[in-house]
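Each structure below appears as structure tokens.
In the two assemblies presented below, subunit A is common to both, partnered first by subunit B and then by subunit C.
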Partner chain A sequence: MATTYEPIATTTLGSAAASITFSSIAATYTDLRVVLVCTTSAATNIRLRFNNDSSTLYSITTLYADGITASSDARGTLDALSWTVGGGSSTTIPQLYAADIFSYAGSTNKTSLLERSEDKSGGSLARIVGLYRSTSAINRLDLLAIGQTFSIGTTATLYGIKNA
Partner chain B sequence: MPNTYILISSNVLSSSAASVTFSAIPATYTDLVVRISARGSRSAVVDNIVVRYNSDSSAIYSSTFITGAGSTTGSSTSSGNTSFTFNTSNGNTTTANSFGSTEIYIPNYLSTTSKPISTISLSETNSATDNYLRALADLFRNTSAITSMTFTPEIGPNWLSGSSFYLYGIKNS
Partner chain C sequence: MSPILGIVSSRRGAPPGAFESIATASLSGVNTATFSSIPATYKHLQIRYHGLSASGATPNLELNGDTGSNYRYHGLYGSAGAVAAGGSLNTYYNIDLGNYGGSSIYPEVIIIDLIDYASTTKLKTLRSFFGNDRNSASLNDVGLSSCLWLDTTAINEIRIYTSGAGNWSAGATVALYGIKGA
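The block that comes next holds the complex of A and B.
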């Protein structure tokens, strides 16, 4: 059986940082998975950007809930995939953000499936489908705390998944 | 490069059981994944899975979830609970040989802070009304490493034969 679900890189922040970057990602896997558990300097949006590309090639459709209402939202022409439509990070309670990025090394547009778990003794969650309209292979991921910083102790891990 | 997503333990029931427990979970992984296929003995179409970590029954469990139930959507939040109780499973009056499916992702289960947990849980019952899909953001406000977990039907009282529980460990290096 092939070795799959391999850890490519991991980071635990020893000092606050506005972003976490995984670069020089090898094209030897089929899919990628990134798992982020973070607190931030203030509640903010958490975003995922590919190839350091901030052009408006990203779009998302989000199914989300806040403990009262279930909602859906679609947005285009974004400069990164957003995890936090209808939510926001916490300064004190670690929150979970994960993304599966399919066929990242291919030459077609890239589809991702994202999830957000932000319970803070009452919070929000989301399941998100994202599209990055680029035909270039993804070789870099940036996790962004928009306008704030990820706090010390934040962890992020990138995994590679092989289909053979 | 190490292979990760390693099976730590499994329990496929060959007879009814009131609960399933994974204990002595090693501290050698980064994250945990639980995959459950469950059918309870409750005389109804569905039941819920009660999840408790470290046998801790203090009121430090909270959940926010989104539900699709037949043609209805909704959301609810609940805190100060003594377990997680909103994961759905099939009950004993649903179509024969059908089970509810649940996946639980627990990052940083060794951490000394509160633990966010993500769950997706569904019961497809071949019923016009009693089908459930739930995604949950759970928070376990315990600062000890998770070393055990127990799964009990909320009403049950038993899990039925054929129910399966798998625990996997994920390493980040």
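The block that comes next holds the complex of A and C.
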């Protein structure tokens, strides 16, 4: 059987950047998965934006735990999917962000499952469902360090997952 | 594929991989789909579900046609300000995969891993990560679940079906993947 989980592109920052962009994504897969391991110039929010669309078509529902308490939240009218639930990024401790973007090339609204794991100050994790209310195919992802920059050494990899 | 601001990027062809597509089913207009004759040549399985349903039907899972009370299920849910846990300690006839069903507009998505599915000596453990955001705080949910099938038989058939009589809508799909061992 054919391999169906393929690396599309990997980026390792050699200099600080406010965003990492994967563009001109082919519509030949069924789902996408992006994995980001980052530090930033100062603690900030990390967000995921589709098709360079900054209109308020995004919403999220979150499940968050910090080792002591668990909580949930829902946020709408966002200009990107917020990946940093329960705290910001770190200047020194790498944090893991991953997102599965389902049926990204299809004609339905786009639902994604996002993860965040960190052990910056006691540790926390978040699981997030994100909605992008657009039926357009996604051909571009922007990983954003809001108001800050991703540090040198930050890595991002985009994978494509095919169906039979 | 054009990574921007990446400084160092690479475009690679697919190496020989360990994640293979076994089968995909369109769920449009039906309320059940079955993957049968699943080969025992993988280490684990993964199901990726993209559900749309006008009736809000919740997907359920059944293994090897077993309709007996041989399943256990526990879930952790987040839903717009509330965190909850639930499940079945005792008898349960299938595996409930989500707190709410999807809508016909906003897909519910689920990733399910079936661990050591081909073992003939181990009970079968599953885990799932699911979510549905309808841009409506009262209807959204995100969660994790663990599931157990109290049977050591290798899994060779998986049926996914909706609770109630509702069918899935256009655009709903479910795909089965095999993950190879070393």
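The definition used in the following text is that the second predicted complex is superposed on the first by the 163 of 164 C-alpha atoms of A that agree within 3 Å, B and C clash if a C-alpha of one lies under 4 Å from a C-alpha of the other, contacts with A are read in each partner's own complex, and residues count from 1 in each chain.
The criterion applied here is as follows: a residue touches a chain if its C-beta (ideal position, glycine included) is under 8 Å from a C-beta of that chain, and two chains touch if they have at least 3 such contacts.
Because the structure is a prediction, the values reported are computed rather than measured.
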Where does A:Glu6 make contact in the superposed view: on subunit B (first), on subunit C (second), on both, or on neither?
-> both
Of the two partners subunit B and subunit C, more of subunit A gets touched by chain C
Have a look at where A:Arg127 lands relative to subunit B and subunit C in the superposition and call it first, second, both or neither.
-> both
Of the partners subunit B and subunit C, which touch A:Leu113 in the superposed model: first, second, both, neither?
-> second
Check the residue A:Ala70 against both partner chains and state whether it touches subunit B (first), subunit C (second), both, or neither.
-> both
So, does A:Ile25 touch the first partner subunit B, the second partner subunit C, both, or neither?
-> second
Given the touch rule stated above, what does A:Ala105 touch, subunit B (first), subunit C (second), both, or neither?
-> neither
In the superposed arrangement, does A:Ala43 touch subunit B (first), subunit C (second), both or neither?
-> neither
Set intersection of subunit A contacts, subunit C complex versus subunit B complex | 3-7, 10, 63-64, 70, 115, 127
Which positions of subunit A touch subunit B when the two form their complex?
-> 3-7, 10, 35, 37, 63-70, 93-96, 98, 115-125, 127, 153, 155, 157, 159
So, in the complex, the side of subunit A touching subunit C is made of residues 1-15, 17-26, 30-31, 59-64, 70-74, 76, 100, 102-103, 106-113, 115, 127-131, 133, 156, 158, 161-164
Show which residues of subunit B lie in contact with subunit A when the two form their complex.
-> 1-5, 30-31, 62-67, 73-77, 79-80, 105, 107-108, 111, 113-118, 135-139, 141, 170-173
So in the complex, which bits of subunit C are touching subunit A?
-> 1-24, 48, 50, 52, 76-83, 105-109, 111, 129-135, 137, 140-144, 171, 173, 175, 177-178
